[in-house]
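Across the two complexes that follow, chain A remains constant while its partner is chain B and subsequently chain C.
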Partner chain A sequence: MKALRKLLDKQKPHFEKGGRFEKFHSAFDSVETLLFVPDKVTFSGSHIRDAIDMKRTMIVVFVSLIPTVLFGMWNIGYQHFISHGIVPELWTSFFYGFWKMLPIIIVSYAVGLGIEIIFAQYKGHEVNEGFFVSGLLIPLIVPPETPLWQIAIAVAFAVIFGKEVFGGTGMNIVNPALTARAFLFFAYPADMSGDKVWIADKLDAYSGATPLGNALVGNFDKIPSPYDMFMGFIPGSIGETSVLMILLGAAILLITGIGNWRIMFSVFAGGIVMALLFNWWGANEYMKLPFYYHLIMGGFAFGAVFMATDPVTAAQTKRGMYIYGFLIGVIAILIRVFNPAYPEGVMLSILLMNVFAPLIDHYVIESNIKKRLKRMKDLVSN
Partner chain B sequence: MSTSYLIKKGLDIKLLGDSEKTIVDYTAKRFAIKPTDFIGVFPKMMVSEGDLVKVGTPLFFDKNRSNLIFTSPVSGKVEALNRGAKRRLLEVIIESDGKNETVKVENQKVDGLSREAIIEKLLQTGLWPMLRQRPYSVIANPAEMPKAIFVPAFDTSPLAPDFDLIVHGRGEEFQQGLDVLRKLTNGNVHLNVDAKNTTSKVFLNSKNVQINKFGGPHPAGNVSVHASKISPINKGEVIWYLYPQDVLTIGSFFMSGKLDFTRIVALAGSEVLKPRYYKTTLGASIRRMVDGNVTKGNNRFISGNVLTGEKIETDGFIGYYDSLVTVIPEGDYAEFFGWLLPGFKKFSFSKVFLSWMFPNRKYRLDTNLHGGHRNLVMTGKYEQVFPFDIYPMALLKAIMVEDIDAMENLGIYEIDAEDFALCEVIDTSKTEMQAIVRKGLELMRKEMS
Partner chain C sequence: MSTEIKEREPLFSAKNVKLLKNPLNLSNPITVQVLGICSALAVTAKLEPAIVMSISVIFVTAISNVVISVLRNGIPPRIRIIVQLVVIATMVILVDQVLKAFVYDVSKQLSVFVGLIITNCIIMGRLEAFAMANKPWPSFLDGIGNGLGYGLILVVIAFLRELLGSGSIYGLQIIPHQFYEMGYKNNGLMILPPMALIVVGVIIWVQRHYTRDLIEKN
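Showing the complex of A and B:
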């Protein structure tokens, strides 16, 4: 530890301005701050500070994603072997999926962090930790059969156009991970839909349709049991299938206070309300689908817990959060049931509400301003 | 009649090193008035190095408001005029002769004096700067009529001094001081006490004032919180405020005609060996107070509390408005994987470190920033320690882009930099919020004048 510190201190001057490796300052800095919380002390305002920083915040989110990652790995293998008519053992499935998913994770981080470090160096600031989480979110929301080069392009697009052009983590309008997913969805529609991509290397004869895919074409009898969907024994994007694991992650986020319960709660509330409305309307089979099916199918739970709650792109006022979350839930179900082109509506509804979040906040804050002006007016008139 | 208010949002930061409730006499050799304690004041010297001064001798006045004079708290010799960058005057240091000779001022009964006459006396004696105003926290403008005067009789900040102890046995002077304040406003004088901890008869038996009770965590003791509950500050309105020791000084002057800048100051913090109260005079040097009374090692000496105080040297001086000196360790060390450890002993408002399982732990906190500066990312946290009907993040952003209208609309008149101290402490992005808010307030002040 001390030796490491000494080594860093010795190498540091080379990376400072005027040093030999000045061009790699941001890269060095990111490694240094990863290893050591810097020795910077307060110089203005409060003399003491909370021990929390962006790294700690992001590692908590990272940890909350681990259950879905592990389950996702297992499920890749499980679905693969099932499609071949084999009932696999736990570890066989897991390792099959592990080797399938690891390259995706590596590509995602390598491309994303590489771009982040270049931007940080170029703009002269420290490397943002935001991609720490985005880099893991992206592999979780893509189908297991997504080609690696497509992931690389999508990540690059998301980091550059979804985030860095706005000024980096904290300044972006839409969720970077979902930007990557949307890019894949619209740029390579042939590879991103149908029933081939959801199961790794499946036999052609076996139907690999997701529950949502089945629902879209009216195969309601082929939708798996609610138990299987809740547990996640179904084909789908890698991290989205197991609602149980997602809830485990949600618990971590809520206990630590990193995830916002208002948003999670209202996304589910919006989804339930919309699904119940459809039940009541009942114009077609899809509308009659029990409301809780919607919560455990597709990416609804994953989106509610990990995507909608991104503090940067969500609404920031308390009342705004309720409105924002509720509308995400409503629109997601609306798209699912009404739009024949998209089996899943969660991604689009979150992206849409990301764009509208500042507007919602604007009106919430406006009402606060009006209250203040009214107080002033009452004063004058008295 | 008293009204009670319960503040729900906030945070009590529990630190080690609370002062023991005993008062010892403390005689310092050097004293200083620091022009930097007074926001917006441009000092013009009236004495020079080597001049002999008495208690109450004018030292300097404000270039912008020439009737605002600042007087010496002790008698002795002007030892030095310390200047900083761009020749900015930092300290007017006086070497005390220990005699406390006082300039002669005629005193009269408060009852017979008009508002103007009282103001004149306060200005002349240099007691006036004790009165500050909101918005902006600058010294009150004698030409204005405040809608109310606030006297917070308790402090909720970490390791705060106990005002009950400070005013103990001085009820008469305190009441006299309140009577003086009474004449300065056509509104109320609000004496705000702690619903639970204020027990002093001096406060609770005060007359001719409105006593309000406040409960809850810090910042329940802040002036802005009191004003926001009792009488929110609208555009164009001002309130004045001052602290109990200043009320005593004003009261005792009008009772005896003698200027007495006695101050009781708490010395606290985890690095103090014997934390206790010291009876001294305004602007005292802390050198002999901390000499041999703090742990060895690199420490930070703060005049005031850890949230809003000012860093001073070991031979520095206690600020004009401060009744507390805090000593905590400096945090100039790099911590190996500090962000990854379970953190049983790390202080955090969020429950991301396991220390949240021990809510009653008292902490020995240092000055480490615990991370690097980032863009604002986390939301919904500041509101939990910010008990105002104001959107803190929106206001901060309005200040950052210097949008005057938005700042006004979002309520900048109702708050002060100190109200953002807790937001600053818990901020994940390590934003210097108090500096930002102070900048915004100064911008508003210039815009409005």
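Showing the complex of A and C:
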């Protein structure tokens, strides 16, 4: 540890103003703050700094994603071998999936961080940690067979138009990872939906439809058992299949206090309420689907835990969080059941509510001001 | 006699050339004044309809500018908008009939958007802001200039959208089929109107990067 600190201190002058590598200051800074907690102090205003800065926050989210990453790798291999009629061993599947997923992760990070560093240099600020998590989220929400060049374009689009044009990390209106997925979904629909893309190198004869795909075309008898869907032994986007692993990640986020329980809770509540409403209505087979199916199919759990809780794009007020989360759940189920063009509604509902989050906050604050004014007036008149 | 000749402005004086040139960049109807966005999103999926649309708009702005400029002293101020609309509508119907007669396919593609030139804010804006207060010749140049400014942006958007969305330019396949065999695919989002809005945004970004005067000071 000490040797590392010494090495950094020795190199530091080269990267400061007037040094040889002044241009690469932001790159150096990002490495240094990743390795050591920065020793910066406040200059004005409040003099209390939380020991946990953005990098530590992001690391916790990163750790909470690891269970889904590992399971996703295993599931890529497992689905591949199953489709060929082979029952594989644990490590065979894992390494097959590992080599499938690694290039996606590398491309996602290389393109995203590359663009971030270019923008940081150009605008003269530090490289932000924001992409640290987005770069891992993007591989988790695409099908395993997505071509790498498509991922590169989608990541570039998401980082530039989802984030940098608004002013970088912390200023974005919509979630960058979901922007990347939305871009892929609309730009290359053939590679992002249907029953061909969810299993790597599958045999043609084997049906590769996801539970949502089956539900959409009315094959309700082909939907896997709730146990399989909960554990994640189903085809789907890499990280979204296993609700168990997602809940493990949610536990890490909630125990450390990084993730917001209000949003997670209200997304699930919204989904359950809407699904129960549909059950009660019962106009077609899809509506009669038991409500818990909706929670374990597709990306609902993943979206609720990792996407909706993004602190930048979610609502900030406590009451706003309930409204924001609840509407995400409601709209996601609504799109699934009603819109035949989109089998999965979670992505679209989160993006939509991202846009509305500032409005929700505005009205929550306004109503609070009104309430307090009224209280004040009552006090004065008495 | 000689004094009168001196007072006469040359046809392409610096002032008049400015009327033509300014709308191309500094006061571009789409990227600076943000007018006519609706049709810029709707007709730019392919280059051909975009070009036809641009020519139509150039024609309508120029001619109605001249007509209104000629009539400007006789129009009662209270009904001027109605008079302007009648002139524009006449021109648009003319354009529509010509398109139907000579380029029927494109006219089909443009569908209602030819008729909707009437509601294009650029034209009304130019009539109100310029033709009502200027002589016919400057008005004509102003109309051509604004039409060209509109058309320029339309053609750039359509070029990018057709190239990336359909792999062709003016209906001609540009991206070789070897690319497709290697796994390249056309970008479906480019065909959809939202991407046109983002392309407009990118054009504004590039334009402001080079023309610093356009950046608002705050």
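Just a few scattered comments:
As a working rule, the second predicted complex is superposed on the first by the 361 of 382 C-alpha atoms of A that agree within 3 Å, B and C clash if a C-alpha of one lies under 4 Å from a C-alpha of the other, contacts with A are read in each partner's own complex, and residues count from 1 in each chain.
Here is the rule we go by: a contact is a pair of C-beta atoms (placed from the backbone, for glycine too) under 8 Å apart; a residue touches a chain by one contact, two chains touch by 3 or more.
Computed from a predicted model, the values in this text were never measured in an experiment.
Comparing chain B with chain C, more residues of chain A are touched by B. Legend: residue contacts after superposition of the two complexes on their common chain; A:53 is shown touching chain B, with no touch to chain C. When the two structures are aligned on the shared chain, A:359 is found in touch with neither chain B nor chain C.
Judged by the touch definition given at the top, the superposed model places A:188 against chain C, while chain B stays out of reach.
In the superposition on chain A, contact of A:86 is made with neither chain B nor chain C. When both complexes are overlaid on chain A, the residue A:168 reaches chain B alone and has no touch with chain C. Looking at the shared chain after the overlay, A:147 reaches chain C, while chain B stays out of its contact range. In the superposition on chain A, A:45 contacts chain B only, with no contact to chain C. When the two complexes are superposed on chain A, none of the residues of chain A touches both chain B and chain C.
Looking at the complex, you find that chain A touches chain B at residues 1, 4-5, 33, 35-42, 44-57, 59-60, 126, 128-130, 167-171, 255-258, 260, 262, 311-312, 314, 316-318, 321, 361, 365, 368-369, 371-373, 375-376, 379.
Across the complex, chain B meets chain A through its residues 13, 158, 232, 234-235, 300, 302, 306-309, 311, 326, 328, 330-340, 343, 346-353, 365-381, 383, 389-391, 393-394, 409-411, 417, 421, 424-430, 432-435. For chain A in complex with chain C, the touching residues are 147, 149-150, 153, 161, 165, 183, 186-191. Contact residues on chain C toward chain A in their complex (touch as defined above): 183-185, 187-190, 192, 198, 201, 205.
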